[in-house]
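One chain, chain A, links the two complexes that follow: it is found with chain B in the first and with chain C in the second.
== the complex of A and B ==
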């Protein structure tokens, strides 16, 4: 595969609160949308802790005044970032962005191109596949609290990925996308629009990383996943931003009849990291698996809000979130299962497990059910606990030090979720990231 | 790795001889030595002045009725934090065991096969044992994966365990027999100097018992001292001890050769209780 490197001309750094984006190379309809979104952003109030969707969240961290568009990436940085943009051995395609600038594009095989698979940066897709792109782009409203930030994203988005997999096409290896924060106080607005047509099959993994783990930065991403009838999509987010990054990620997943959508969000980095996940089961027989794993330490705050929305009958959703908390870190979960009036024979599950490793760590979980149909099977539960003393003693009695024993137990605890992906290569990679986080903590 | 790490080097001391030549003599016997041990849990004394010596290379069995404090003794030796040692001493080849943390004791050569081993969800047998073997290596030295697996498979074969076992989570969903076998597998892999086997026979059918006993017997040798704790004589048909001790009410009340076990089987524990009572009166 040949890297196609696009040079980008950037004007002087623009503060993101002076929006919207002034890039003139986008089509007019797109720029109009950006202006509209900017007006929306300006009129909407900042989140308040008293709002239910922001309960327990430290909204004071959302001061965006210091963040700006990144300067053009220097040649040295480009080389370094590309060298570090390796994760999986075998991929179907790869895009690398840093400070929202495209650094590298490893295109798909000719075979996949011939079959009509589209894997493009946004700016090309909006020109070359305008109708398809416009049909789905930012089509799902952000209903879990971050409408204002979705508007901010919309008014600034300039880079990201459009993936379209045509009817019946199965892509064996994952597509991977890297988003890097590079400059100090840089802001990025990563976007992923994934559309799998009928009976298509695809896996996409997004890596979120900071070139310098100490530099402050801001990330406000949106990913919209659309699984057509009988299609199978898997989405993995490996969030490993630097320690002083504020990150918001707004996800929507739509599963048509007999479709399967599986997502796994791994959260390791960031000072404050929130993700909102809306999973809508719109066709009969649809299934959605919502998986998440996090390890937080120091003063990190992770914040997850979810909605499993059963619109059609005979649909299933299964949420499993596991969090390990160290130091004074905090984790908030707010999740709702909603079974709409006609969605009979729904199976919906929600399970959140928090493992508190230090006395000062804090987890708040708010699970919820709203059932408007008959004949449904639903369960939800959230628990927080500490490492079992007997389990710890057992490991120590084998000569394993307390620190390593804790690490083993935590990894075992999280492993249940990672195994659910049923993708060994990605699972190994994610476990490696968790190991790295533990070794950083030493 | 802790600073007390000494590997398996015997402790030796130099003593000046009359002819101003140095000769080296051990300061202690190679043995696990328990002297007048007293243990409490929640202000209740369970072990009440127990003394016992297990020389390296020998197999000693402790038998006793329920509630005599056998399992407490096992856990205290391993350093379980719930138990409070109020008196006495425990040494292993002369080293004070009681001042060591549980993981240090293990690295220094003590092993406990649990009566009820914990489940460790999501941690495979392979990774668990690997961490345990790695913990015994000097800092900076990495365990060679191929050597490790070769040894692991060899020991598993000895215990009639299928290789697929290595990828199962430790004790999760294991049958009683599988749990006990896994304990003995760990014993075989970790090669301790002294092993305490707590009710390793409980919950085993006769075939599983034979396999486990075969595993233990194959590990017997001059470099391993074994303390078998059991309620029933049955186990001792398969692992024949050098010495048998009877524990009643937190103390050893009688010691003898292996024939003592048969006598207990025949007469029950009551007569030893009476003797213990007499001792208390005296």
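== the complex of A and C ==
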């Protein structure tokens, strides 16, 4: 199934700073794009802390010289990874990638296939659904700071998922995608292109994991999420990379008229994890919910940048981010609500809450508003605080140890966001991951 | 339109006139070491001030414009076309009778009649770059309070002046504080001795009166242990065709248990770049409060700050910004917590009219290992027209478990129901709008001294004229 040339290329581990990708099995137009993206990557400057989009961010961690494409996955690793690729009980389909190599594909039910749902690796979509692919693939420029890394992604992307849900089709169970980092210093470039046509409904969950939690690695993902007229998409990201991983994720969501787009990002892993989320409301009646939860400890650094871009009138967006910070960890939030001229009757909200659990933890919040229209309802709030002494006392007086009491309070604090997803099975799974992080800390 | 001038009436159109004033000293346009030497020679600066200016000029030339985050409009400033020093060459006047007649007339037109002196504890009116008129009420002087122009302060009270000058806002803080440090002239120097509570607010009027002339006043206020002071400044400027630059530096020092309240009501004409650096240093249990009202100007960038250096120090910024057609009010606050149990409060209200743009930009910093620090920030924006714009860009850093910080902002417009209700009772739409806007800022305005709050309400009414209909 795999072309011989691929094996050969894979064996001479290519450094990612020697791009672009040399794969020859992609269509010519795509390879041209990759070359173009590579020159863009080379000409753009590295981010600087003085750039507003990178304010408070530790850009020194973005040294990419050590990272390379992963070696072919051995049979033993393949078996181990597939065994560990379990998350939700009931799924509509599943793809498993390790070091950007496709390991397994559980296809959709025949019923969904018959209805025209497409669920396939990116390289097949390039050939079989060229028009859709070319229309939506990275069509939205990365404006929140990472244009350089979006170009890097474009010049290397080789694996990913294409999901197309035709008009009026509703998929009951989530589609699940696993991206694993396996080899030492491996780099991956995950991509998800999700197109929900008119009145379609779909949920996709992505799991980001490391086979060995100690190995360094680099992930640079881009997602294009398109919610057509009246469609409903839900995107969940469970980021649980290993402790020495540098990760960048650039998501762009587009909601057409009367569409709904909901996203929840859980950040637990990585040494440095930056997440950019652009949400554009391009049709009247569109609604976007941006949710995120993070638990950081040790020297972890999380950095979230968001833009709620209201292009059309009568649109709504609601952002709720909650972060619990332990140890010497740092969290930065930079969010903007932008109401474009003529986007009257906008409802836009933004709320960030940081819970500082240790004396060396640091939270930076930059909630922003840019309102260029009239008749809008916009508000934002940012708070940073600590556990209420009374709550702690109450729990301790009932014989609960301080460590457990703290965990309970943190879980309660984060749960408000997870519940907003309104998907009990996924919520249970996410809570489980948070528990796991707490038990690892012990 | 009103034509009479009373103590509390500032009519924009009256401020638009400019009388021909002859300047004995003029440094010409452009900025170089020669300009600095000219200023120092005319002002007979001590050597250390001359050196300070020259060093600041170097810093100014080295520093880039803050355009990576600020408005690109800053690039429209042509530093070569600005006059950096103009002076009538007269000594600061002590009594009203000594003030030249034509200068008096300009004040008259501004609505600052002679009788107002009664209400003022002291008047330090800056006419162009030199303090032309300064009147300190006897009582204040007897209490040991020093209230002089900054030039006089640095010559006659170097032992206090040098200790704090440039310490709260170092020359290199930003490009415009460096510019001010190089060419400053005018401004006030105030020292309040320990335990003295100045009953009446000290007041200064500023006015720009020469085309293309930037005013670079420098104010330093030191309030010693347990003392209290309220200082007020108000500005109006005539309208000119070419842009005018105003770049002031204001430093406040509140020693242990001291209280300073600094009030600004500013009404620059629509071609002025108003780029001001204001910061206060609060020692143990001291309080620094900025009350700041920005109306007019082409671009205002002003972020009054408080560094809370001592335990239990308090900082507060109350600000009102009104951005009319073509104006950009980029204002905010900076709160740096540097000791335990420090508290700060920021309340900002902005109104955007026509194509006006109001921006809140804030910084709250609570560093490591501090206990029981609290900050509260509230920003409310009101949009009047569909072309109006408002932005909010706060940056909040909190470390550790002992502190609580909250930030809230909201954007809204005048409720249609309210307007309908008032129109039904016979008010015109414009009157209703004006009333509604005054209601929006009312809880802040009430904190202003009486004559200022009346003046402010009138200014808002004037600005609201023609915005609806």
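Throughout what follows, the second predicted complex is superposed on the first by the 432 of 442 C-alpha atoms of A that agree within 3 Å, B and C clash if a C-alpha of one lies under 4 Å from a C-alpha of the other, contacts with A are read in each partner's own complex, and residues count from 1 in each chain.
Keep this in mind: a residue touches a chain if its C-beta (ideal position, glycine included) is under 8 Å from a C-beta of that chain, and two chains touch if they have at least 3 such contacts.
Not measured: the values here are computed from a predicted model.
> Sharing chain A, do chain B and chain C clash or fit in the superposition?
fit
> Quick one: chain B or chain C, who's touching more of chain A?
Between chain B and chain C, the winner on chain A residue contacts is C.
> Determine, under the contact definition given at the top, whether A:411 touches first (chain B), second (chain C), both, or neither.
First partner only.
> Scan A:400 for contacts with chain B and chain C and give back first, second, both or neither.
Once the two structures are laid over each other on A, A:400 reaches chain B alone.
> Give the angle at the C-alpha centre of chain A formed by the C-alpha centres of chain B and chain C in the superposed arrangement, rounded to the nearest 10 degrees.
Apex at chain A; the opening toward chain B and chain C is 80 degrees.
> Could you say whether A:56 touches chain B, chain C, both of them, or neither, answering first, second, both or neither?
After superposition on chain A, A:56 lies in contact with chain C alone.
> Check the residue A:374 against both partner chains and state whether it touches chain B (first), chain C (second), both, or neither.
A:374: touches chain C, not chain B.
> Output check: A:390 vs chain B and chain C. Expected answer is one of first, second, both, neither. What do you get?
The first partner, chain B, only.
> Enter the shortest inter-chain Cα distance between chain B and chain C once the structures share a common frame, rounded to whole Å.
Superposed model gives a least chain B-chain C C-alpha distance of 15 Å.
> Help me check something: in the complex, which residues belonging to chain C touch chain A?
Checking each residue of chain C against chain A gives 68-69, 366, 368-369, 381, 383, 385-413.
> Per the contact definition, I'd like the list of chain A residues that touch chain C in the complex.
Touching chain C from chain A are residues 50-52, 55-56, 341-342, 344, 354, 356-387.
> Which residues, counting only chain A, touch chain B once they are in their complex?
Chain A reaches chain B through residues 388-391, 393-402, 404-405, 408-409, 411-416.
> Help me check something: in the complex, which residues belonging to chain B touch chain A?
1-2, 78-82, 101-103, 105-107, 111-112, 114, 117-123, 127-129, 131-132, 135-136, 169, 186, 190
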